[in-house]
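Got some structures for you, see below.
One chain, chain A, links the two complexes that follow: it is found with chain B in the first and with chain C in the second.
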Partner chain A sequence: MSLVSLPFFIFICVLLILYYRMDSKHQWKILLLAGLFFHAWSNPYLIVFLLISIFAAWKLMLNPVKSHFVWVIVINLGILILFKYSVNLGVKDLAAPLGISYYTFMTIGYAHDCYDKKIEPQKNLFHYALFVSYFPQMTQGPIGVYQEMMPQFLNTHSFDPDNIKKGAYRILIGLFKKLVIAGRVAFYIDTVYSSPENFGGLTLITATFFYLIQLYADFSGYMDIVCGISQMLGISLKENFQRPYLAKSIPEYWRRWHISLNDWYRVHVYMPAVTAGWNRKLSKTMGKIFKKAKKGTLRLIYPTILVWTLTGIWHGAKFSYLAWGVYFAVIMLMSFCTQSYVKKINEKIHWNKDSIFVKIFQIIRTMIIVAVGELIFRSESFSDTMTIFKNIFTDTRISGSSIAAAMTPFGNGNQAAASMLIIAILIIMQAVVEISKERNEKAFTGHRYVYAALMMITIALFGVSGASNFMYQAF
Partner chain B sequence: MEELLQHLKEIRDDVDFENETELIDGKILTSFDIIQIIAMLDDEYDIAIPAVEIVPKNFNSAGAILELIDRLKG
Partner chain C sequence: MKKIVITVITALAVICAAVIFKNVYSCEMPIKNRGIRDAINSGDLEVVFLGSSTFRANVDMPLMDEAYNGRVYDISYGGNELVATAIQYEEIKKRSPHDYGLFVFELGPMMLTQEVSLSDSRVIWDLSWGGKRKLWESMRSSGKTGLSVMYEYFVTSGMDDLITFPVTEPFYSTRYYKGAKTDETVSPGKDVLETEEFDISKEEFVKPQEDAVYDIIKACRSDGQDFIFVESPCYHRLQEDGKYKECRERYILLLEKEDVPYILADDVEFDTACADFFEDMNHMSAKGRKTYTKELIRVLKERKEK
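Moving on, here comes the complex of A and B:
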């Protein structure tokens, strides 16, 4: 059931009525049933795997000893690997259970926290089942943290018109980002990236920057929709984005993009690896060779490589994904290793960090580094990546024909120019909407109705119907 | 305490470790800084900090870090 579809709209309306009309002590049961129904709708047979995962993790972690924790990992990762890499493993291409990546992350996170004694194991199977199968976050995250979500699920929620209004507004923002912005630029990107050898540098650069816009609009648009739905139910989800393209460095960018996934990796993979005995020994040995290196820097070399390689192949068994992971591992390590030198150089040349020009320079620099990474990610093969880089640097003619070629996916002549102008206006509008979203905590003021009306009109006029699949669902 | 403050200053000389009590919650230290601190504690005090101890309350102030050292040493 796509989030952008009539069945889903009906599902939400029925759910809201039941949720607020019935005795509030039954609210969590309604959410659990809704989650299982939502999952079964996509494929009624594959829900078996979700149920196996829920029961196994719940039962094993009632006694959170090491062997049980290891079993939870083996069972969950086993199922995930089977479905994700079925083609590579020589099995036929299997349709994966809905949201398997995300509920696997949540399950392993829960088991790890139980094992570390950060939380008490949940004794009620059905309460635990709700944590894993809460439908707004099941398909694509945000990856829920047990101790943040469980108290909210078990609380009762009374009907609050303000939550409904704010939630609906947020959903509208999400639809606008997804259907209008991501949907529009998708045509251009798909055309260019499906045969990059036919396009010059200008077109390829434009397509790559459009891809950054598409990724953000699609993914954060989805988050706006699910956060909005959850707000209507009185449950607040973790924010997954914090204006990532305004980050001034790559480490900062990754603290603002897909936050729940990066938090998960930090707590459950990165920090355990940093503090692991093997890493401690390795970094001490390296310290004897690289005497001048900072001890902390040596400590994070292997964990950084590990986390980024895992993140890369988590997206799928494809060369582009692995290369993307390695690329960001190298960039992150370079950023850590050069930090003290950069600081010294900055002091010498009296580089004023607070100056607006320096900030803009840093933002643009970060965006270019990200763009190169996403170019690798989006390429359909290694040879395509090479072709794109080659054309960007060798085919930089700005002639009438190359501009016409760049416009081709939008149509010809005036039609193309008009389309480009509309997209530019939409992006500016989006920035305005983003800023107004930050004031979401305040009262729902009158100007929101104007924005809401504007967004509805633009969605109706320029929304791409049929663009109902979200990019991150595939992962 | 003096010795610890000295080591912390070597990691971040722009932070007021003596008075600051929200080093993590106030987002003053990054995860990179925390790893530097973990490596420093390992080198200078010979303590291996388990991942489960890396929580905000153990790193929010120099005092909290000192308590962590004493606890793990003891």
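Moving on, here comes the complex of A and C:
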């Protein structure tokens, strides 16, 4: 069931009626049933894997010993690998259960927290099942943390018109981002990236810039929709984005992008790896080779490589995903290793970090580094990546004809300029709406109604019908 | 609650107004140098071309102007197919008070294999509400429409142009002259044209397109309108393709059965193997366009004299 479909709209309306008419003690049961129904809608047979994952983690972690924790990892990762990499393992390409990546993360996170004694194991199977199967976060996250979500599920939620209003506004923002912004630039990107050899440098740069916009609009649009739905139910989900393209460095960028996934990796992979015995031994060996290097920096090397390689592979068994992971691992390591040198240089040249020009420079620099990574990620193959780089660096003329050529992926002649202009207007509108959303979270004042009306109009008149699948759903 | 209702009603009102404007009044928009409205505003015409982007790229309008004292116009749309052409003809005749000497329709063999669809959002702009409905009915009866196609057709398609019209129209009107392209397009070279991949072997005839040829013939005859079908030359690789030839034969057969005049690519002296004359398989470069138009004018004039 797509989040931008009529069946889903009906599903939400029915759910809200039942949820608020139900005795508050039983509201969580409605959410559990809704989650299972939502999951079963996509494929009723594959719900078995969700149930296996839920039951195994719940039962094993009732007694949170090491062997049980390992079993939870083996069972969950086993199912994930089976479905995600079946083709690479020589098995027939299998249709994966809905949200398998995300509930696997949540389950392992829960088991890890139980094992580390950070939380008490959940005694009630159905309560735990609700945590894993809560439908708004099932398909693309945010990856819920047990101790943040569980109390909210078990609280009573009375009908609050303000929550409904704010939630609906957030859904509108999400639909605007997804159907209008992401949907419209998708056509351009698909045209260019499907045959990059046919396009010049300016067109490829434009397509890559559009891809950054598409990624953000699609993914954060989804988050706005699910956060809005959750808000209507009185449950607040973790924010997954904080204006990532305004980050001034790559580490900061990753603290602002897909926050719940990065938090999960930090807590459950990165930090345990940093303190692990094998890492200490390896960094000691490295210390013997690089005698001047700081111990702290050496300890970060292997966990960083591990986390980024895993993140790359998590997207799928494709060269571009792995290359993307390695690229960001290298960038992150460069960032750690050169920190002290950069600081010294900055002091020498009296680089004023607070200057607006320096900040703009840092933002643009970060965006370019991210764009290179996403270019690798989006390319269909290694040869395509090379072709794109080659064309960007060898064909950088900016002339009337190159600008006209950069418009052609939107169609010949008439529609191209109009499409470009509309997209520029819509992107500015998105920025204004987002800034207003963050500035004034509590109040729902007059200008919000104007934005709401504008978004409804643009969704209806400029939305791309049929753009119902979200990009990160595939992962 | 009151504010929410006002917001929703305001948004719906704006949406409805935009949709009504697009569907009912867009044909009255002051589009220059192309389209049905501009053609009608040109007054009486000796020759009117009506076809796809092939006509747009392959007819040199300054040369035509010279030959016909400026009384000529080229109405063409990207990927225009025959069902739409029939509707466009009917629309011009209905809306125009002027006389037209000769209507030149496109004898594009592959047009017989096209699905009935909205090939160019400019079609939506140029047709009146009645024409739009008629084209939609044809699309619907061909069976390839759903709710999302309907939404696109009546709501979103062409909306970009409508909203950005004041900004984009002055820019784009300079790229056309009486409906034909003015760009000095050049050939990508023999190597490209000789290696460019195309596969039309699986194309199949589409019944509504054949019916549309009969509709055009019938409408012209009932209007007492002189008309002709003209095949624009393609690059020799396409021109000699087996499927292309098959479609061409079928088209010719249709016209001969109805005793309709036509001019084939072979009837006009033009070297289809000269790469300099083509931008791609079926669109000419500026050089090709000029060479072809000169010859086409000669053939058309000869026909008139006969």
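Some points to look at:
In this section, the second predicted complex is superposed on the first by the 466 of 475 C-alpha atoms of A that agree within 3 Å, B and C clash if a C-alpha of one lies under 4 Å from a C-alpha of the other, contacts with A are read in each partner's own complex, and residues count from 1 in each chain.
Convention: a contact is a pair of C-beta atoms (placed from the backbone, for glycine too) under 8 Å apart; a residue touches a chain by one contact, two chains touch by 3 or more.
In this text, all values refer to a predicted model and were calculated from it rather than measured experimentally.
When the two structures are aligned on the shared chain, A:A418 is found in touch with chain C, with no touch to chain B.
Once chain A of one complex is fitted onto chain A of the other, the partner contacts of A:P251 are limited to chain B, with no touch recorded for chain C. In the superposed model, A:R365 makes contact with neither chain B nor chain C. By the touch criterion defined above, A:K344 reaches neither chain B nor chain C.
Residue contacts after overlaying the shared chain place A:V274 against chain B, while chain C stays out of touching range. Applying the stated contact rule after C-alpha superposition, one finds that A:D116 touches chain B and leaves chain C untouched. Of the two partner chains, chain C is the only one that A:A452 touches; chain B does not reach it.
By the document's definition of touching, neither partner reaches A:K29: not chain B, not chain C. Within the superposed three-chain model, A:K353 lies out of touch with both chain B and chain C [touch as defined at top].
Across the two superposed structures, the residue set of chain A contacted by chain B and also by chain C is empty. On the chain A side of its complex with chain B, the touching residues are 116-118, 251, 266, 270-272, 274-277, 280, 283, 294-300, 336, 339.
Interface of chain C with chain A (complex): residues 1, 3-4, 6-8, 10-12, 14-15, 18-19, 53, 78, 121-122, 148, 151-152, 155-156, 159-161, 163-164, 167-168, 171-172, 175.
Residue ranges of chain A in contact with chain C, taken from their complex: 161, 165, 411-415, 417-419, 421-422, 449, 452-454, 456-457, 460-466. Against chain A, in their complex, chain B makes its touches with residues 11, 30-32, 35-40, 42-43, 48-52, 54.
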